[in-house]
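Read through the structure below, which is laid out as structure tokens, and then see the notes.
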């Protein structure tokens, strides 16, 4: 079976300088959930951005290829990217507080997603809200009236409406308290279950990754250093992966 | 709410006025004349000497100036002066535009308007009016002047008929009737079919008010107007030489001169020294100024009254040539020695003079002030140049206060009274007290006072000559620079009958070749 | 986290148009400085010296930029106008800052009622259109260069004071500023070491752009004849004098006009260039 | 030692603290947890003068103090949530610490630079980072500089606002170790605000749970998991148990691959 | 809504009073005695009793505060005195020319807004060349003095090509050149604001989400950026309108547009203080009204502000 996402030797950076992402290769299969972990600044978010075509100038893809759902996205035109975004790949970001357009009602923004996905607006929105355990009346609210956790659930609802083949979640729980984090991760799993989407879950926190995925990619300083089951990180050959596992264990065990 | 309706009304009013702009172009034999400012008035309360002048085509004066600058009959058929009393015979068969006949009663009423207008220019004794017959009246001068009739050639003394609202509905005996008045935009007059005299040639005259000198000239070049009535030296400098614009001129009549403040208080007391005044007089290169400015039509002046006028002649004044060495010597003699920075000093004080340019506004002489500044700099005199664009500011801020050393003026004796200009500017005996800062003193007061009361014309002229010499030569309170004609500019094919008195240019009889 | 490293200005140097513009602006301004100082080194005809026989002459060897309506050398007048025109603009800006800086800083630092009263006073002035207020003040003082400097300074300072206040306020609300105070730095040290360095770069942008607008306004007033009075060489006044002759002697009109444009452009380029360099935002591409 | 009585704070029409009272003994480390918006940070900020409580008194060593003013400014130090934001980009690491030493007049003037450097050194910061501006340091290093600055003031109470939430795992762990170390050496009284109970297990003696601007639970750490009554407290206790279960799966290989250690 | 407007107006009252003090003070402390000016306009020699009578008529024997209150009382009834130069009521003088100035300023504003959107959006084009050119052109247009541009336009369009007239009398066709002159410069500086605002929005997280959703640029611009920037832009429009009210003075005198510009320049030359004062009052009021309108737009486009203000 051909993988849904194939990343081959992907390098990203500024022209004429050391790449910030260095020859990254990995595949994600249909409906597979994969964690991507690493310390701050290792290039996790940059990877996510590259997969969505959201690199900011002057950053650009220097080498390598991305194939998503059979389409090559390497050097794709803005129009190709636009067609791929939302339906093939969708991303949920860190900092839910600012992710929604402040001046538009939540319902409008969800309806917009339904239009892109070509689905019946009303049904899709209420179904999605139900799936992430939000009241239907949030559609009439503006983002500032929602808490951080609710906003993140709205984003997951948006993913449910869009039904992308690949859903990227970039540190979706950073800044949320631990109880809310739990709700969000549950909602994310529900969304993946319902849409059958593959998930690339990015976090620095193994504890959160564990709730979503078993297969874990570990990045260190712009390189992919490990691709293993989360339980095997502690015996990884890559020091970065071992360090992560150790830190996670030490933090979670009582001393 | 008040605002809303207020704006709505003004907007509506403006929109309604728009079609008027086009009517001028449609009329046959119509003429558009550009003038600088809207001086037409307005409020009957403020119906003054100055504000009457713009109605020149609608109302007429009692007498008009002839070629030799003697009053000639117009509404007054005949007049006589004896023992302080004027006896006047009116022209018969003249009616005001509202049908009121011009007779003794209406004439006395018109002359009496001066007092209601708070203007005392003619100085007629208001209680002396007498109706001697249907067409004959008499009156006396308040001051015993023998020149009241001569002063009536001033457009400001035009006779208005009875009217409730003289602003909106001026009633006169003139060749034109007010058609429309759009404040600060334009005023249009049309031929008065019932005019008593010779019918004018042009059917309709439109005076457009265009404040910007440059815009007036460009508008003429662009064919948007036919004639420019107020021509400035800048316009003459920049006037195209290809025949697309035609210059019309009268005999030289306007003087350009610097009045000197001889009675000022420090720091404006330098000009009290006659040697300094004379030095300045010698430092002016009049030939160059004359050749550059006013299209070369001006003449270096020896006085402020042209020699041809009233047969004054030009031998009674000597004038000053251009001699910087002499100017420098005079300044040295006065104790002003050259400092290291090229400016003369005396007792630690710089020879800096404030020159206010100009009456009636600076554009009438520009760029002469800068040229003068440069010429005075050559003899070590520093000029603090103040340019004013309004005679009111000129008067109230500098002239009345004496807060300047030199006052550049561009004006003329613009009626047939030979004493008019000198008496108004250089005596202390006028109703407004004269301009005390450059009045030479009692001897000139006496000369002009005698002149105004003299019984014969020759006697008048003799006194005027003496006073004129005192002013521009002996006392040198006015440093003459140029004598300049009246100008008009027109498109080709237009012939403007020029007059030495700007107010008397007969636009109604402008002839056009290729209308 | 990777964005944090990318937003270091050093990395972005040379990658944006702002730097090119900044260089051009600085070069232009330096050009004006050199031009303005040139009478000290090169023999140039006095700006008021007339050659009435060579009026309105086009460019020639003796008069590289031609002469004006009084036969004065246009180049000389242009050069001598540099200290007048630019000097007046900088003097005005200095006057504006002299009011706006203390006003804005005091309002921001004092806060509370003092802040409210000070800003309300500034609002009153700001409620008038700036140039309209400047015109009224000139009308009240009588037309002169001094009056237009005062008029413009009086009309321009409140908006600058507001900007200064906003800058100081946002700077003083940064965590590290409050942290510095809580961990022992004195108020003065907080202002000097922690707030001022933040405020200065954006202030440089504001000063540069505002000087440009002040220069435009001053030359406009001179052009209208209510600013610098002749024969003072000043670009706007030169243009005013050139107006009647613009079909005969277009050089009289072109040269000072270009000078004003270039000077304003220089200041705008510097302002915009600095702003680009300080801008750490990275827009997404759609 | 630190006694908070009846603290109330309302703004934007919402109560952030309702009659909060809390006493902390000398040398005690108190963990303050709650959901976001429960008022945890507001309480911490009221204690340092960043915000002013509407009512209530704060006493330190039986003396009523105004937070952020006078002696209290030195005695109660605050550690900001995001260390990269709370360090001046215009100062080097050692000057940041020096500023505090100078500001509070700690130690002889001539010795202060040395003192600052040695303080930074005890916080495991490499020598070459002392003279670097703080934006060139990583998040974990910034946190150390910030801690060094706070401790340079020799405070009686250290208030830490979410000291871990903006750090990655390794930095979290090392910060915890550092805080343990500090407490061991100096016995500093601490109030640690956190949204997560897990890291507090390593640090806090006592857990205080804040919900909707009120204190709903106040228990020693040792018996929190077993004795907590409030539903929110129970939810937190629950997270501890899942964590431990999951951690077991991670540490299954620990025996086979020893001695690799933390960051 | 009504509540907001009431609050806004209540806040405006002290500012309006402050403005009236400024406007009054400009004439009250102006050099030159209004009595003497009045007499000068009449062309008569004042007798001491005339002066005293006129001083009493003007209330000049009263203290400043009383004079101010008296003036304010008359001002609210639109009685701002009489022009020294023409003797007409200054309100009439202003009213005669205000429509022309307003139509010029408004058409220039409309032009400027259109130009600014073109400039702002093009400067953000993906095509680097187009973007750089537009930014350069924007800065250049901002830097060209309007009076110089006006002269260049006259030279080009009126004298060389022969479109348009020099002496306008207020017809719409005469409006094109002056409005273009003003609109280009103002449009360029507004374009700078549009560019900055859109760029700022483009750096925001919510735009990243909109892009990630797969929205087309036009949709993002219209539905996600436009509602956010309309408020700040409305403020910028109001400020531009204020700048245009001043800027018209410059082009009015060049194009001979019969607006307030000529009046105020003349008033300055003639030291016609009542006209200057009325001009200041009217322009201030118009600008102030525009600012309030802009505030209302800001209010409408910011749901959070809308709620806080209607809840409190």
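Just so it is clear, A, B, C, D and E label the chains in written order, and each chain counts residues from 1 on its own.
Just so it is clear, a contact is a pair of C-beta atoms (placed from the backbone, for glycine too) under 8 Å apart; a residue touches a chain by one contact, two chains touch by 3 or more.
Note that the coordinates shown come from a computational prediction; the quantities given were computed from them, not determined experimentally.
Enquirer: Applying the touch definition from the top, give me the chains sitting in contact with each of chain B and chain E.
Expert: Joint contacts, listed by label: C.
Enquirer: Write out the two chains that share the greatest number of C-beta pairs in contact.
Expert: Summing C-beta contacts for every pairing gives the maximum at C-E.
Enquirer: Could you put a whole-Å number on the gap between the CA centroids of chain A and chain C?
Expert: 49
Enquirer: When the C-alpha atoms of chain A and chain B are each averaged to a single point, how far apart are the two points in Å?
Expert: Comparing mean C-alpha positions, chain B is 88 Å from chain A.
Enquirer: Between chain D and chain E, what distance separates the C-alpha centroids? Give it in angstrom.
Expert: 54
Enquirer: CA centre of chain A versus CA centre of chain D: separation in Å?
Expert: 31
Enquirer: Residues of chain C touching 2+ other chains?
Expert: Correct list: 1, 4, 142, 225, 243, 247, 282-286.
Enquirer: At least two other chains touched by the same residue of chain A: list those residues.
Expert: 40-41, 54, 78
Enquirer: At least two partner chains per residue is the criterion; list those residues in chain D.
Expert: 139 - these are the residues of chain D that touch more than one other chain.
Enquirer: Taking the complex as given, what residues does chain D use to touch chain C?
Expert: My answer: residues 48-50, 68, 73-74, 77-78, 80, 82, 84-91, 99-104, 135, 139, 146, 149-150, 152-153.
Enquirer: Would you mind writing out the residues of chain E in touch with chain C in their complex?
Expert: 14-16, 18-19, 21-23, 26-27, 30, 124, 126, 132, 135-136, 139-140, 142-148, 151-152, 155, 159, 192, 199-200, 202-203, 207-208, 211, 216-217, 220, 242-243, 245-247, 249-250, 253, 264-265, 267-269, 271, 273, 276-277, 279-280, 283-284, 287-288, 291
Enquirer: Sort out for me which residues of chain E touch chain B in the complex.
Expert: These residues of chain E touch chain B: 32, 36-37, 40-45, 78, 84-88, 93, 95-100, 154, 158-159, 165-167, 169-171, 253-254, 256, 258, 262-263, 265-266, 269-271.
Enquirer: Residue numbers of chain E touching chain A in their complex, please.
Expert: 126, 204-216, 219, 223-224, 227-228, 301-304, 307
Enquirer: What residues on chain C touch chain D, complex-wise?
Expert: Of all residues in chain C, those touching chain D are 1, 4, 8, 174-186, 189, 193-194, 197.
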